Structures are given as structure tokens and as C-alpha cells.
Amino acid sequence: MKICQVERPLVATNRIPGMEHKHLQVVRDGSALAVAVDAVGCIPGDWVICVGSSAAREAAGSKEYPSDLTIVGIIDRWPPEEDQAPESERGRG
Amino acid sequence: MKICQVERPLVATNRIPGMEHKHLQVVRDGSALAVAVDAVGCIPGDWVICVGSSAAREAAGSKEYPSDLTIVGIIDRWPPEEDQAPESERGRG
Amino acid sequence: MKICQVERPLVATNRIPGMEHKHLQVVRDGSALAVAVDAVGCIPGDWVICVGSSAAREAAGSKEYPSDLTIVGIIDRWPPEEDQAPESERGRG
Amino acid sequence: MKICQVERPLVATNRIPGMEHKHLQVVRDGSALAVAVDAVGCIPGDWVICVGSSAAREAAGSKEYPSDLTIVGIIDRWPPEEDQAPESERGRG
Amino acid sequence: MKICQVERPLVATNRIPGMEHKHLQVVRDGSALAVAVDAVGCIPGDWVICVGSSAAREAAGSKEYPSDLTIVGIIDRWPPEEDQAPESERGRG
């Protein structure tokens, strides 16, 4: 799975019926952008786990769902604290 | 899914029967070109969502369809306006 | 699907029975080489459409065929003429 | 399969039910980070074999499990000794 | 499929039961290393065809086998002779 950051929702009014009305999010994977089906309910800025390959279909709701990238979880804390600025400067709760 | 821009239709008269007569489009994904089955009816210049992996098959019409990249939606507005030139210069409708 | 150019046939006498006697072609995808099962009958120099992912299996003949890249069509004209040298120099028929 | 090194566990409290309570690990694949389902029980620093594609699902426990990367084995010795510093400096057991 | 060169066997004593006792090989794909299930019996230095995606599973022996890269054939002659040193210097048989 990939670690991505949610950028913004994506609207595509003209789409195939199989996509139903599930929410799509533009996610950033390093320097690249991709579109993922949102299966958890996330907001811009969230760091999320995106699953690809055939697993993205069932993760999006059913074996027939046409997704190759689905957001399956929101990471509790990312980047990890040891890679961040000192704790005293960040006001960790 | 990937965000691609449609370049032009692609004609391949000599192809396997399984591909039927569905339309193929050359799409641009960043600096790379790829070929996608058009499941929505788009025209050159459209910004589209392309689904890959095994999901591309059903998105193209059936589980047996030999596609690994299928256009499943046309994006309403891309790139997003905050990333574009000022509104006054673009004559947004 | 990818746009590739056929380089040459590939011979692998020692291979698993599941590959049967189908022809394999070395294809060029930009600067990279790959091996594809030839489902249309092409010759070196042809510009072809190659399908990957799980769709490559059925495109090669059956759901059990061990292919992850199958040539499914020969492109009628590539690169497109507007990207080529002036018509007068090419003797277009 | 890929050769990766385990970095640290990843916690995502808000995730889809299908992911159950299996452990997730952040793994390093060269310069890139990815998230893998841990099917063997490994610790940070371990060099592991990660399987992707549709095989990651069953490797994670069931055909329905939403994984596209699963740790399926811990490599006994990596990097191989001939690529390492002289034995006398490493105290090989 | 990819053209890879076999580097060395890989040992992973602690692995999931589904991997059984099949041999694993470290293969080189250009500058990258990967791990492949050996379905043909090859030795270091062999140039081989590796199949990925879902086709790697059946190529490794069964639809349930957790492989995403399987060696399915040994290439008879690689690189091709026209890309090599002059014949007189190579003692071609």
C-alpha cells in the first residue's frame, strides 16, 4: 500500500454507472497525483493508506467496483515524530 | 486511477477479436503516452480518469474484455482553479 | 495499454509447459525492453498495442495462460503524421 | 517479489473493517516507502520479501483481504556476504 | 514479461506456509533486484523470462501460490548476437 496525502475532492459528472456516487479524492504520492476512491471519509491534508491492484476493488465496496486505488485507512500520525521537529516546538497533545 | 488528457483516437485494424469495436484513445499521463479503452465517449483535450489493473476489464464492459486501462470519467474542471492563472485572465463562465 | 515497437522474436526452449508454443516477441517500450506474447502475428518494426495486467492472460488465449504482456493489435499508422516529417518528403499513399 | 527493509509499525485507527487487526509495517524499498501487511511477524531492521499484485491478498490470509503488499518471509542473510565488508570486521557468528 | 539475469538463490527460512519449498532466486532487472519463484530450474548467470502480475501465481504452480514474479523460461541466447562483440572473437558454436 502507499502512503499518500489527500489533496482535494475530484468531481467527474460524466462517468460510467459502475462508479456509482462514491467520493473520489485527488491524492499525492510523492510528486505524483492520483485519484483514489474514498472508503473511509477523509479530508484534505489527511495522510492515508491507499491500496492498489485488484485489492482496490473489494476495498471500495464490491468485487465489481472499478477502482485501482482505494483509501482504506487514515494514518494516526505521519510523518513519525522522530523524523519531525523537536517535540517542544510542536505542542504534541 | 490516473489523471490523463486525451490526445487522439487510435486505429488498429488488425487486432484480436476480443477487443471488439470499442474506441481506443491515446492518452497522455504526464510525459508518457498510453492507450485506453474509451467507456465514456470523450474527445481530444478532455481531462479524464483512467482506471488500470484488473478493474479496467469490467470498466470496459465485461470481465473478459482485454483492457488494462479504461477511461471511466471526464473530470469537470482540471487543473483546479487555484492552480491556474487568475480568473480575470481566463474569462471563466 | 502500451504503445511498443516489435524488435525481434525471442526463443526460450526451456520453458514451463503452460507457455505452449506461442510466439514471444521482444518489444521496446521507450527505452526499456520487455517480452510479449504475440496474439496477432507481427513482425519486427511493427508498432503494436500491448496489454498488461491480468487482461494479458485472456488476450493470450485463455484465463490460465501465464502472460503479463500480450500484443493485441497492430497500429495502423504510428507515429501519427502530424508528428512526422512533412508529407511531401514521405510519399504518403 | 521485492526485497525491503522493515522501518516501523504503522497505526491507522480509522480504517475499513476488511483490514481487521493485522499488523501493518512501513517498509523501505530502495528510496521509497510503502506499507505492507505483516504475515510473518517481523521487527524493524529485518530484511523481508514482500509480495505484491493480487498474490498479496491470499498471502495476507484470504482472497478478500485488501492488501497489495504482504510480507511473506524474512531473508536469512542480506545483503549477501560477498557484497559486504570483510568478515573479520563484522564478527560473523 | 521481463528479461532478467539470475544472480543467486535466496534463503528465507521464516516464511509463510503457502510459499512451500519452492526455490527463490534473486534476479536483476536492469539496475534493480527482485525475487522470483524459479519454475524452470536455473542457475546464476542465466538470462530468464520473468512473468509478473496475477499470471505469476499459476506459473508458479497453482492459482493460490503467493508469487508476483515467476521465472517461466530460460532464454536461448541473450543478448542477441548482433548486439554483441564480433563473432570471430566469441567462438560461436
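Order as written gives the chain letters A, B, C, D and E; numbering starts at 1 within each chain.
Here, a residue touches a chain if its C-beta (ideal position, glycine included) is under 8 Å from a C-beta of that chain, and two chains touch if they have at least 3 such contacts.
Bear in mind that the values here come from a model prediction, so they are computed numbers and not experimental data.
For the pair chain C and chain D, chains touching both partners: E. Counting steps between touching chains, the shortest path from chain C to chain E takes 1. The set of chains touching chain D and also touching chain E is empty. Taking the mean of the C-alpha atoms as each chain's centre, chain A and chain C sit 34 Å apart. Centroids of chain B and chain C (each the mean of its C-alpha atoms) stand 21 Å apart. Multi-chain contact residues of chain B (touching two or more other chains): 52-54, 56. In this entry the chains close into one ring whose order, counted from chain A toward chain D, is A, D, E, C, B. Note for the complex: chain E touches chain C at residues 1-3, 30, 39-40, 49, 51-56, 58-59, 70, 72-77, 80.
Touching chain D in their complex are the following residues of chain E: 8, 10-16, 18-19, 24, 26, 32-36, 52-54, 56-57, 64-69.
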